[in-house]
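Heads up, the next two complexes both have subunit A, just with different partners, subunit B and then subunit C.
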Partner chain A sequence: MKKIKCIQKLSKHLPEASLEMSKKKLAQLQLITTQSTEFSEEIGQIIAQLRSVAAPSSEPFIFTSELQENEQLLRVVFRDCSDIEFRIFDAAGKKALLVYLKGMADTSNLERNVLKPLMSYTAQETENTASLLHLLTDMKLVAENVLGAASVTILASAKAAIDAVMTGNALLMIDGLAEVASIAVIKYVKREISAPYNEYALQGSDEAFNEAIMDNIALIRRRTRDTNLKVHIMKIGERTNTAIAVLYVANLVKPGLVEEVERRIGLIKKDKLLDSASIDQYLVDHPWSPFPQTQMTERPDKMLAALYEGRVGIIVDGTPVEILVPCTYNVLMQAPDDYTMAPIIASLIRFSRNAAAFLAVYLPAIYVAVVSYHPGMLPTTMAISIAELRSRTPFPSFLEAIMMEILLELIQEAIIRLPAKLTGAASMIGAFIIGNTVVQAGLINPLLVVVIATTAISSYSMPSYNFSMALRWTRVPMLILASMLGLYGVILGVLAITIHLCSLRSFGESYLGGMFNVDLLADWKDSVVRLPAKLLTRRPKEFGAQDQIRIGDNDGQPRS
Partner chain B sequence: MTDMGGLIRNRIFKRWTGCILILILSICLSGCWDRRELQERHFVLAVAIDKADEGLGAERGKDVDRVEDFVQPHGSKLYRLSFQILQLTPSNNSEGAGRGNTSTSVISTTGESMLEMIWDLQGQSNKELWFDHVQTIIISDAAAKQGGLQPILDFYHRNEEIRWLTKVVITDGEARDLLDYKPPSGEASGLFIANSLRMYAKSQHVPGWHTDLGDISTSKDNRRRVLLPRIEMADDVVKLGGMAIFKNEKFVGYVDEYATQGGKLMGGLERSAVITFQCPEHSGSILAFELFSHTTKIKPHVEGEKIYYTLDINIRGNMAEMQCRLQHDTIKDQDIHKLEQLVANVVKENILYSFRIFQDLKVDASFFGPKLEIYEPQVWERVKDHWDDEVFPKTSLIISVNVVIEGVGAHQ
Partner chain C sequence: MYIRLLLGIMLLSMGVFLSGCNGARESEEVAYIVAIGIDKAEQENMIKVTYQIAKPNVEGNKGEGEKDTVLVSNSAVTITESLNLLNSTTSLVPSMSHVKVLVVGQELAREGLANFWGSLKRYREYRGSMFVLVAKGTARDFLDGNKPSFNISASKYFETMLDSGVEAGYYLRVSFHQFYIRLKSNSAHPYATFVDISDLSGKKEIATPKVTGSKIDGYVAGGIPLQGGNPIQFAGTAIFNGDKMVGTLSTTETRMMAMLLGNFNNGFLSMEDPLAPTKFINVNLRLGSAPEIKVALGDEAPVIDIKILLEGEITNLPSGINYEQESFLPLLEQQVNQVCHQEMANMIHHTQELKSDVVGFGYYIRPEFTNYQDYLQYPWFEEYSRAKVNIIIDTKIRRTGLMIRTYPVR
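For the complex of A and B:
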């Protein structure tokens, strides 16, 4: 019995230990915990509100004169950014803080020009210490007297300070001062200036743009000593905040053009900007057209020449290919080598380039139209030999041409995508397939191979890759038109393309129309042909440069 | 907002429908109805027209005629129409394509309407017949004599596939035989004949001027004479030379090579010619003068009822051949003049020979009538109705020839 008594419920003796009671208590505890979290959040919000009342709406916070406080605020902004360095040191008895991005700031420069002069006063107590203490009461005095860096900016705004750190500047803060100094010590890994990859010139300069915007601007500046060459840097991209420079020659450029370019750049709404090509799509008037409406170049000399014709250059940080506007068919047909060769040779090459552009679009279409609709147009002996060639192949000429086009596109795409060491193999296979086997197998007749190869070579001879891509694109609809409507369809296509090109506008300039404008006939001196340099005394009328004459009394004077 | 969106969508929809509609309409209106690949066509390279009972090879079986024939509800079987058709022989080696050997086949039928015969010939072919590349139309003189040129050539004048420059020749044998002829070059005989006719400037015996299909058509429409080059074939030899003259689409007669040459000299049409003559001092030795260029001027004169023409010819050329052992030294002036005189006489003789032949045939082959119309319109009004038959044969021709021998010199 005694034993039984022993195992009586504990709750009988201690009513507080009952299960219900403990559950109740736990719930109470939980409630208190949640409430306290809520309280702390509320308090945090109130603090944030209090801060933001002090800071303007565009600023995350404002700097205080307490270094401890400032550091705390910055650490909140840069939390989880392990590449940010906070360097605390003692400057003549005062606490100082240096903030910079490890990969983007030149640390040896900081050591030499910032840390050493400030800390040297601390190490040995000299009479200078007192004067330094005096200097340390004002950031401006520090910048003027102590810091050895080439470029120092005094900042009061937190946003500007954060931007400065993110671009690679170092931020110097001294206890007791609400201002900060941004020291330009930007240094990061970048590619060296190299030869152009896509726009090689036989006798021209071998320097091409690289990724760094400042280097690119320097490449332009180095080629001219003209203060009229203006550079306007804008920041675009909500997150990346990419720098975009608009370059123009102030007393040449057509009035209103720069404003229009800047307006269009300003309208870009984008989170990131990685390349100039994506800007290009925001600038053009007809984004659905296959034809390039801005000129892309990687040659600084080309850009400078364009600037002196009254055009506008756009340099985008992070891209070695920069933009020139306005862009017309004419400028796409000009290559740097045209100006280094004898004018009479350059004129012939210009002509063959134009002919190549025509062939690249229309040749397969004309072939298909003539072979399947109008063999009467061929001379008899040629008709006989083509008919004999064609009699072995089972497909209609349209299907044949489309098959060859697809094969060609595949080979081109493969060669671009493959690693450089394999492209040789790919082109070998392509050559064997097209050159030999397809013909021997009787799938495609040799004449069509000649036609398609001519077309391909023609499109490769374009100075602008984007333009040759456009030609490649237009070829296919032309083929379909030719196969459905014969030469009638080809003519319809010619009309459609010509009308489209004439109605395209690049910053107000007609894409093709300038070639056929009687008022602009003088521009043929450097479009259809290339006259000797002595005779090229006037700038192209097309781009409406304020001063038409390149050299002479009028130079530099705006047209009245 | 939704209304705006709907409106914009509606507008875009309308625009796209419009574009697609235009595209479909253009395809429906023109479409691919005439798409026929090169190798799916039968190119007719030459056309031969014979009398219905001609053009029968000796070795042909009796049944062949029956098979080729068709039932014709109207008219009678007047003509035999034969086509030389290009046969495609795919060359097996990749480089041997083209001109070398063209294989052709010949199909023929009889009937009266050319178009009816063509449609009947489609029954002997596995592909559609196309006339884009007809090079030569060969007419046998028997067929031409039967009903004149009009019934034979009218279809070819009207058909849009046949070209203006198609060559027309006449033969005194059977035209179909020429289609079977295999030239040594291996090309089709239609091409062979057309190409050799194109070199008329190199041979004074071939009349090449204004003898293409288009020229014949304009001459016919202007009721002028028609000249057709003559082609002859015996065994494996085919030769152009001389011409046939048609007046009012009726066959008038053949003219030999010498008269053809005279006619060309008269019209100033020779681009190069050879004029041969006997050496006056060494009988039996031949001298040959090669003509480089010449100009002529024909002018009519009227004296009462008498109409006569003056013909001035300026000829430049050199001595191409002298078989009489350097007796005529072309360094001395008087010798050169003597030679020039001799050439002039020969040319004069030649032209008068042709002129008389044309007068005998009562055909104004070198357009003396139109000259009279230009210079003396009143006289022409009076005589034009009986020009060919009465007036032209009575006109006379006064010829003055001026020969200049170039390239003088001598071997020492």
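For the complex of A and C:
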């Protein structure tokens, strides 16, 4: 009671101290602050507009020879970017400015190769100063005589300069010069080159792409000394300006393919580009199909092999999984290990892989169709034993199969999403459920467990994860068809899937049709089977490489 | 685009809701019939149909020694009607898709099968792949008496039993489809495997006595001396004239028939030793090539020329005479030729007496006619019983078994 009295007293004497009043004042203060920020923004924009009146429409402003003004202009562009460093220093009596991004530029490199040579003249005050002063009249001379950095570009455009800073270069400006020098000192934190996470090869290289585009290109370059291997870097993404490199071998690639790839990349309208999978959806012809129409790989050796077959690689900055086009069923069925193993073994593995792809889609459907519609197709003893097994489970075969599918999908999804330490536990529980308990509980008959487990294992054996996901997807409609129409439905489904796969086009190449094309029968030597390397003298016809002969006397030079 | 999508969804949902799952029948809702037996019923103009139904072995339900099948019999006018009656007595839906054998009682077979054979062929549930057996007694007794001695299910028993017929050539398997084709053919008569249950007393009943030079008698099912094991015997062949059974061929005769049909794979022949008639010789024979059969119209009766190449291997020479030597080998081959020639002539004579062309010589006479109508005019089945038969058997002993030389017992 006494306290309240005290407060009342205070507000009586000092009306400004009342809670209401102070709130009001605070609000006013906030308003003024926001307004003033807005004013400063507006003033900044007006200045920028005034500047850009003089500048071409694509440029935010133009550099003047006044360092003060240039700095002001840059500060407006980089306002509220605390990681931008403005380093003002004295170079032989002239003011100079170094602008760079703190996390992306190598400061020790800058110190050694930029600051030290420029500032040392000031300190010594020798006759060199005079010559330096002479040099400082032209940025080109500075770059040629003073700067010790490996790569220096003279820029006049403000947009290019800002881009350069944002990619990690340092900008050097000297009072009195309207040109700026962009010094390549990019260095930022990145992951080391590591072993591939998803595409192991037993006897192949253990290097995989990482997130940095230049490193990825270097991984490719390091494997070949071929000037015909071209790298074309494009910038996509209105805001992120992500670098995308298109790689191809100039004298091999099918004419028009690179242009088409670049056209499609150029058509991408997107604000941000974080991974290669998202540009993949802009590149493909049929975005509604579950089947992957570009090949994803994290192996540089795989990409290089593909480039030398006349295909095109696309490397996206920030993603360790890169894209190869065109993509057909054939290339998805090839694994790097096929080429390190004895050809006769590799051929057998190829065969079982194709069989696995078939099983992964059709096995549960065939099971349901045969058990519920055509038990006459089974050997009698098996028909009777299925009846024995089924008599303990209450649901129709179709429901059983669907339940088992859901269970399987749940376990797979859980294992992918869980932290690595828990996946062991999850797969244990999964194994218990599938292997034992579901059967003991009388929910699902053991034969179906065998069928679903075989299906799952088959889909895991695909070299391409995306392709195995597509197989997982197609399984469900197949099951429904089988449960509705029996084997007739299965055959309808087989037809539908085959027709769909044959009509799919990836950059002009038929997805499955190439397998059954009489003209491309020669490609079977590296698709259905894998012949010894000596016999693989020709590149796959399917991708239409300009030079069909892989090993010849012209040694990679274009044939005249 | 959206119209197409909409149409697609509509068609799909119509497919789901209108088609339904009418044809689907879960395997545990089905009673798999393994064998069907057909007999004459006590009532006039009716048949007794026996179904052997597989009993799924639901865990814990089966006691020791319990059979894995149930026998259900009912009497009806037709087989299809009997199926209806069966449906009224079992909770499960009877399924014919796994029927292995169709057993016909001898009495009914001798009266004729034409009346009910049709629905077995025409109705889709019955399979043409089931085998046709003729039981000496009734089909029900045969199915009831079948107690496989090895741990094997009834369906598997019939499958393996009929598969293993080729091992000796003493019985032939004939599928319902083959039987039906011959039933409607004007060039051959149908035949079926002859089966019976033995009383396990071990006494024998010779159907065709041994020919000169041979050591083996011919039996028909039921006559084989047997003790212990499954009382079922598959031996000999029931032969038909039209849809009526007219007689049986014994085991040795069946083997000759198999040679003429070209499906004699393997079989032992025990003969007298040509140089020491008290001892015997055992050879294993197989057909060296397909039989060469030519039938000519002849002046008064058709002439059947048969040429058969047999290849053999010596399996036993108790006399110790060195038949492996080139000088003795022709003697042995001669003996085989003589025995087989005699047996085959007897067998053909037997079928001629019964007016049943089970070998299908009628097919070989067709080239003699310029067109099919001419052939139809020719009473082949009548002429067959008058036909003159010339048989040439050529035996080549290719191997001497695992020994190359014999010494007599000292």
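To be clear about the criterion, the second predicted complex is superposed on the first by the 502 of 560 C-alpha atoms of A that agree within 3 Å, B and C clash if a C-alpha of one lies under 4 Å from a C-alpha of the other, contacts with A are read in each partner's own complex, and residues count from 1 in each chain.
Everything below uses one rule, namely that a contact is a pair of C-beta atoms (placed from the backbone, for glycine too) under 8 Å apart; a residue touches a chain by one contact, two chains touch by 3 or more.
Values in this document were obtained by computation on a predicted structure and should not be read as measured data.
Peer 1: Putting subunit B and subunit C onto subunit A via the overlay, clash or fit?
Peer 2: clash
Peer 1: May I ask you to decide whether A:Tyr511 touches subunit B, subunit C, both, or neither, giving the answer as first, second, both or neither?
Peer 2: Once the two structures are laid over each other on A, A:Tyr511 reaches no partner at all.
Peer 1: Quick check on the superposed pair: does A:Gln440 touch subunit B, subunit C, both, or neither? Answer first, second, both or neither.
Peer 2: First partner only.
Peer 1: When the two structures are overlaid on chain A, which partner does A:Leu485 contact: first (subunit B), second (subunit C), both, or neither?
Peer 2: both
Peer 1: Look at A:Tyr367 in the shared chain and tell me whether it touches subunit B only, subunit C only, both, or neither; answer first, second, both or neither.
Peer 2: Neither subunit B nor subunit C is touched by A:Tyr367.
Peer 1: Once the structures are superposed on A, label A:Gly376 by its partner contacts, choosing first (subunit B), second (subunit C), both or neither.
Peer 2: Both subunit B and subunit C are touched by A:Gly376.
Peer 1: Does subunit B (first) or subunit C (second) touch A:Phe63, or do both, or does neither?
Peer 2: neither
Peer 1: For A:Tyr329, using the defined touch cut-off, is the partner it touches subunit B, subunit C, both, or neither? Pick first, second, both or neither.
Peer 2: Touch partners of A:Tyr329: none, neither subunit B nor subunit C.
Peer 1: From the superposed pair, tell me which subunit A residues show up as contacts to subunit B and also as contacts to subunit C.
Peer 2: 371-373, 375-376, 380-381, 383-388, 390-392, 396-397, 483-486
Peer 1: Would you tell me which residues of subunit B are touching subunit A in their complex?
Peer 2: Checking each residue of subunit B against subunit A gives 26-27, 30-32, 34-39, 41, 43, 45, 86, 88-91, 94, 97-99, 102, 130, 132-133, 135, 161, 163, 187, 191.
Peer 1: Write out the stretch or stretches of subunit A touching subunit B in their complex.
Peer 2: The contact residues of subunit A facing subunit B are 371-373, 375-376, 380-381, 383-392, 396-397, 439-440, 446, 483-486, 488-489, 492.
Peer 1: Hey, which residues of subunit C end up touching subunit A in the complex?
Peer 2: Interface residues on the subunit C side: 15-16, 19-21, 23-28, 30, 32, 34, 54, 56-59, 95, 97-98, 100, 127, 153, 155-156, 159.
Peer 1: Under the touch definition given earlier, write down the residues of subunit A that touch subunit C in their complex.
Peer 2: So the residues of subunit A touching subunit C come out as 371-376, 380-381, 383-388, 390-392, 396-398, 480, 483-486.
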